[in-house]
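Presented sequentially are two complexes of chain A, the first with chain B as partner and the second with chain C.
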Partner chain A sequence: MLRLPKFRYLQPKSVAEAVRMVSDGGPDALFVAGGTDLYPNMKRRQQVPKVVIGLAQLKQLRTTKGKPAQGMVLGAGLTLTEVAEDRRIQHAYPVVSKAAELISTPLLRNMGSIGGNLLLDTRCNYYDQNYEWRKGINFCMKKDGQICWVAPSSPRCWAVQSSDSAPVMVAIGAQVKLISSSGERLLPVAELYNDDGIHHLNKRPDELLTEIHLPPTNGWRATYWKLRRRGSFDFPVLGVATCLRLTGDGTVEHAKIVLGGIGSCPIEATLSEKAIIGKRLTEETVHDAAEAAYSPVKPLDNTDFATYWRKHMARYYVACTLRELGGLPQGLPHPETENSVPALRVFSSGPFS
Partner chain B sequence: MGGANGAERKDLRVIGKPHRKVDAASKVTGQTKYADDLVLPRMLYTKILRSTVPHGRILKLDTSKAESHPGVKLVLLGKDLPIPYGALPVSEDEHPLAIGKVRMMGDPVAAVAAVDEDVATEALDLIDVEYELLPAISSIQAALDTPEPRIHEYGEYGNIHRRQAYEFGDVEVGFAEADFIREDVTFYEGSTHLALEQHASVAQFGHDGKLTLWTCTQDPHYLHRSLAKVLGLPQNHVRVIATTNGGGFGGKCDPFAHEIIVSKLAMMTGRPVKICLTREEVFYCHRGRHPVLMSTKTGFKKDGTITAMHHRTFLDGGAYGGHGVASTFYTGVLQPTTYKIKRYKFEAVRVFTNKAPCGPKRGHGTPQPRFAQEIQMDKIAEQLGLDPAEMRKKHLIPPNSLTVNWLRVGTMGLGKCIDKVVEGSNWKERFRKLPYGKGIGLACSGYMTGAGTPIYWNSMPHSGVQLKLDRSGGATVFCGSAEIGQGSDSILAYIVAEVLGIDPFDIRVVTADTDLTPVDLGSYSSRVTLMTGNAAIQAAERAKGMLIQAVSAKLEVPADRLVFADRRVFDSENPEKGVTFVEAVWLAEAKFGTLGTVGSYKPAPAPGKFKGSGVGPSPAYSYTAAVAEVEVNPETGIVVVPRVWIAHDIGQCINPVLVMGQIEGSVYMGLGEALMEEMTYRGNRNVVHKFPSFLEYKSPTTMEMCDVITYLIEDQDSNGPFGAKEAGQGPQLPVAPAIANAIYDAVGVRIDEVPITPDKVLKAIRAKAKGQEGRYGPTVFPRCDMPASIFVPTPEEGGDGKAVERQPVLA
Partner chain C sequence: MKPTKKRDNRKPAKVQICLRVNGEPVEVAFAPHKTLLEVLREDLALTGTKHGCELGECGCCAVLVDGRPVLSCLALGVALEGHEVTTVEGMAEGAKLHPLQEAFAELGAAQCGYCTPGFLLTAKVLLEETPQPSREQIKKALAGNICRCTGYIKIFEAVELAAARMAGKPAEPSKESIYGWR
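Moving on to the complex of A and B:
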């Protein structure tokens, strides 16, 4: 990686000033919060803003407001560590704090913000390379080139949505507030993403993400399981966020199962949802939901791990989330022995509590 | 034999104790200056333009725009440095900058010296290069199938760099004696060193016509020779100072293009010139583990006796020779050091491919064949219904013996190592008895303590030490050895302190400066402690002799009653009677003049006398046994290694904490190679490295690192200083096969290649569930015409270690 290119750094004193600065800066200006995504991209010359507007000092973006019963509001500038360690969030929205805790490393969580994670650039190992490397393949359509090397006949870019918080926020039905000099809007997180590796965000560059509105905690339960090579550092190569509401007798009355890390946006596994809605969670219904997750998952060879294996893992991980939420034991008894097989450890991190 | 090695071994005061490293405080407080910390007045910065094609002819190279870019001082091209070089004299196939042709993505093409790094980087973009693309080769099979175009114009033929064939005794006779024969095809993927410090160098050319290069190299002496050769300078006008290496692991052994480039730029500009490589460039320097495809055919009896082994290897060498010829030998020559093999045939082929060049990485060429051998041993034990630990113990090479290929083994503690890990892991209660998904596996290894022959032929010492004593009571040790974190500076201080009865922290250590220090060949082949240690003992004993003479005369105490301890020299029968160490130095200086002594070490000649017998011999062999415990999730194939028990036959610890550090580091590296590390390239995309980055090249974090329970087996070897053998490389070797064997114990599938990734495990588990073979690994071994083997009768058969005309025993 090269060193950072030269740029002008601006430090606004308020959200209003920040929004004005970006509007003045035009296409050459970018916001930066923790910088854990933008700065490496700049070192690789994927993004080369002339003006960088720093948000880390804006206290307005680092507040937590509201009550769980009505829905809490998180400042987009809260660091991932703050989100992971906040007692209120841990208590009312454990899925949010756990997803935050599974992102990258402690050091990067101390810098990176929850808003920044939602807006994380899509990733691809043809794109996340330094300038010389990309020159060696004559670049790709996401930056400086014409072709998608993962799928050369494809007219679109297949870079991968790699945020851990995105599928979780989609699954629980969170919203984001976007502010620009021309006004503000509240957008469901599900509508924040486009299925395109380049234009992956439904957000104008001059809009600033200021708040994340979490839904009221009215009886739903959610979990997030992340597949990655190692217990730290790695982006997800599959993330399953599942949110359920069960009736008194355990019947699933609401289900959202959202897959991350396998496409350019979070993908809702609607067939899996259908397989359990109106039913109780049993080994059979969990199995049906897991099977239904297999076909919508079409991982490509642009992340870590073999693609066919990641596809297989969708079934397993969907089942793991449902077993967890349904209170079923993890791991199937093995037919050859009486013993149950060990559940996942370390490499792929699910919530273990 | 190699000199004295610590006569008084009974009352060791420093040796064997966990002293601090002499450089620890400066490292943890940030005082240590690495090469990239150096800044000299008027210094220029260099960036290197690298090839963006895997194989091509340079049609056009226009540097005019770059040369006129403000701040650029010079643009250097291949034609400025026409003399080729390489780590080994037999394969000097590199140029610092390409001349007419590039052989891999990342090959250096031009270098810019500028006032700062940003300007140099900008200038790279202004250099206009056009290539004529040549077909690129990205695999062993492709190299065998594609003789033209050749990547190099030398070598065996086509794109085959090197073929080696040896036969020790007639293997067909051995196979005829066997009750069973099995042949296993295995593959060991390439991996890189991943030292934290990126390579960096600073060069300065003085008005006296002398060049100084500060650089993070493991082998300053060999670099010294290469620099003088390529730059056309007399050797005595070149000074190499090896700065502290921020990790080496074999990755800083070769002379590198950037080291020569900054030297030449310093000569041409008259200003100091610096370079620090990016992480991507370090991946292109590589010189790491060769990908090796292996076929191991072994004949054995019902009790596990090995009657014959025919071991064949194909090495994917990458774009250059480097240490590759030695690596090729190492894929076979150390196989017979652990168990008795009656007859042994070894054939190896190294091919060129358009990828980063491979070379020496921890274990140099031997983790691959050890993996093949040790997973096969597990299969043999399974086939025979024997306990793999017991079976191995029955067939160990005896101490003080010759192997089938004429290597002289001295002390041999593998049996004790096996006992320790078997006991520690509760092996007998757990092997084949754990629930499905959990398993344990055993593997063993042997490794050499220093290569018996230098890289270039000469009959001088391999290591030299100078010792200076001054009136302050200070002792300064000078030695060419390079500190790469392994503790080589500390070893010198401990040993001299032990002999002279002073404290290790009383001693100054000056190392790795070709102007100031006597030659040590370098930090490779696990040679440093043994060789510098023996040289240091000799120098210290000589100094001690002078002090004894002076003190004995002064105190009127017989020389053999004088003891050196607690910074004093005193009468062992009357400890009150003595002088301080400082006084002893004064007395000796008055008697003999300025005090200085030297010591040196050279290994004894090897018993083998055939062509190629120089690779493999060593003054001593270390031994290791490891048991790995695994948990395998059969629904995902994910393997977790909670624990490794490892016992290492170290001979004698100079410092047990450093030994354990080396062992734990070896387990870590072995774990990474076993489970995830791989140098992979996209053959269909211009042979780019798939992920030259610390994030996407996966190596274990602390989260994946297993618990390590270490046992040190001490059985002093007469060739080692105070009996010490190596610790830096051998302990890595059994880790990967122990994990593979444990996975079989856990879920009943054989993964015959590394890295053992979850997709491979899951495939094998699913295949087994369908009634197919529960195995993942290579199934095809390529064909290649081999030359007739060099045929050497085994020591058991008599003979004198020389090759003979083959006398076929079987009609």
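Moving on to the complex of A and C:
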């Protein structure tokens, strides 16, 4: 039986009190909202905080403010179900509600928060294991050990950013508000992440993520495609978030293509963006952008599926997002709506060969 | 003589909270790091809620907190002060089973039965929110519950049968789904 380690549980009544508690608690204090990421990690002794500060009862963190024209502000404590089912978000930011709906299962979405998903701990086959398993391999550098088992000669940790909301928020240019006892700051989500499996967040431990500022809806369109083994419940092994603004004649004016689940942080496919900016979306330009997404994708063998196949699927998914936003026929069914990942079919038919 | 090491026989400090379980007010004391699952099974003797993966992957331990299905293995007991918890023991009214329980039993939607409490509670909320769900809606709502025996078909059929009966429709299980039919 997996039991939680012993810890002190504090329940602040306000954000100010929560921030004070965490600075009093020092490095051994952690915030918890839904607990769907932290508690499994604690049960496996990957994270062992002495003090846990519960945020679930803070109503301030569960509000939705503002109008889409100026940009809506989501409380970081909103559950993923609330984000996925909110009519205003569905209407103004369909990509956000869709990404929230693709995260884990209904039961976990009823608990987990959108802020918690943005701050999700990085994942790795050698790290997300129970204590005895990790002890059996003499641990890894992310917790208790010295070595990275997926790249033993590497000086860094290669655990994978596995949040679905992260690439979406980066692509649409959202910002997060971080509050600490020394003040508050607004940070673009793109700057929230570091390319390192251990120090994957540019957030100090004493900072509390309180709000997510979505950008004004001024003509951009975005979509998110997620690749996973099971259609109903899995972390992404690849996620492609694409945000475009097209001019009246269909020329791409602005493009952000962000790949998740393949590195320690969301990775922007800048070459793919360059391939379509200033051009119209046609099968040729989509093909060029998709080809350009192949080289920045360097998945390592520390999650599900073969790495070469995930690398190949990055091309395919970038093309799919662009076709969807450009109104071009997909040719193949969308894996989420058709409830099947067209994995083997796509691979054997080789759409770009 | 070697000094004997003093053993610490003190029990860990307990917290005491009040909450409602299956409609009744309950006061319970437990170690503060216990999950709701452990509190229900070990301190309230409600063993209908099952231990599964305990990591939030299987849905065995699903209970309703304020009417929403959540995983009791990832909810902290102390955080539930004042909340309403419903477990599978709270589904039947006296000796009368919930229509879902009846349909599950009739159709053999429970084989080993370990995942059944989680399925029943999750399906109960689905039928409260969507009284006539499509097969697709049932699949989506039950996506967080894993069953290793049935292959899910019987479970979907049982939810559909219960939905029809709860809507007052004269519904009988199809003959093919009853064991022993030829």
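Here is the rule we go by: the second predicted complex is superposed on the first by the 330 of 353 C-alpha atoms of A that agree within 3 Å, B and C clash if a C-alpha of one lies under 4 Å from a C-alpha of the other, contacts with A are read in each partner's own complex, and residues count from 1 in each chain.
Note that in this section a contact is a pair of C-beta atoms (placed from the backbone, for glycine too) under 8 Å apart; a residue touches a chain by one contact, two chains touch by 3 or more.
In this text, all values refer to a predicted model and were calculated from it rather than measured experimentally.
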item	value
Which of chain B and chain C A:309 touches, first, second, both or neither	first
Touching partner for A:36 - first (chain B), second (chain C), both, neither	second
Which of chain B and chain C A:56 touches, first, second, both or neither	second
First, second, both or neither for A:149, with chain B first and chain C second	first
Which of chain B and chain C A:135 touches, first, second, both or neither	first
Chain A residues touched - chain C or chain B, whichever exceeds	B
Which superposed partner A:233 touches (first chain B, second chain C, both, neither)	both
Partner chain in contact with A:1 - chain B first, chain C second, else both or neither	both
First, second, both or neither for A:111, with chain B first and chain C second	second
Intersection of the chain A residues that touch chain B with those that touch chain C	1-3, 6, 232-233
Contact set on chain A toward chain C in their complex	1-9, 11, 34-36, 39-40, 43-44, 54, 56-57, 81, 104-108, 110-111, 232-233
Of all residues in chain C, those that touch chain A in their complex	12, 31-35, 38, 51, 54-57, 59, 62, 68-71, 74-76, 78-79, 122, 139-141, 143-145
Of all residues in chain B, those that touch chain A in their complex	50, 52-53, 105-106, 117-118, 121, 278-280, 435-438, 631-638, 640, 676, 685-686, 688-693, 695-696, 698, 700-704, 757-759, 762
Chain A residues within the chain B interface of the complex	1-3, 6, 125-126, 128-130, 132-133, 135-137, 149, 229-234, 304-306, 308-309, 312-313, 316, 331-332, 334, 336-337, 339, 341-348
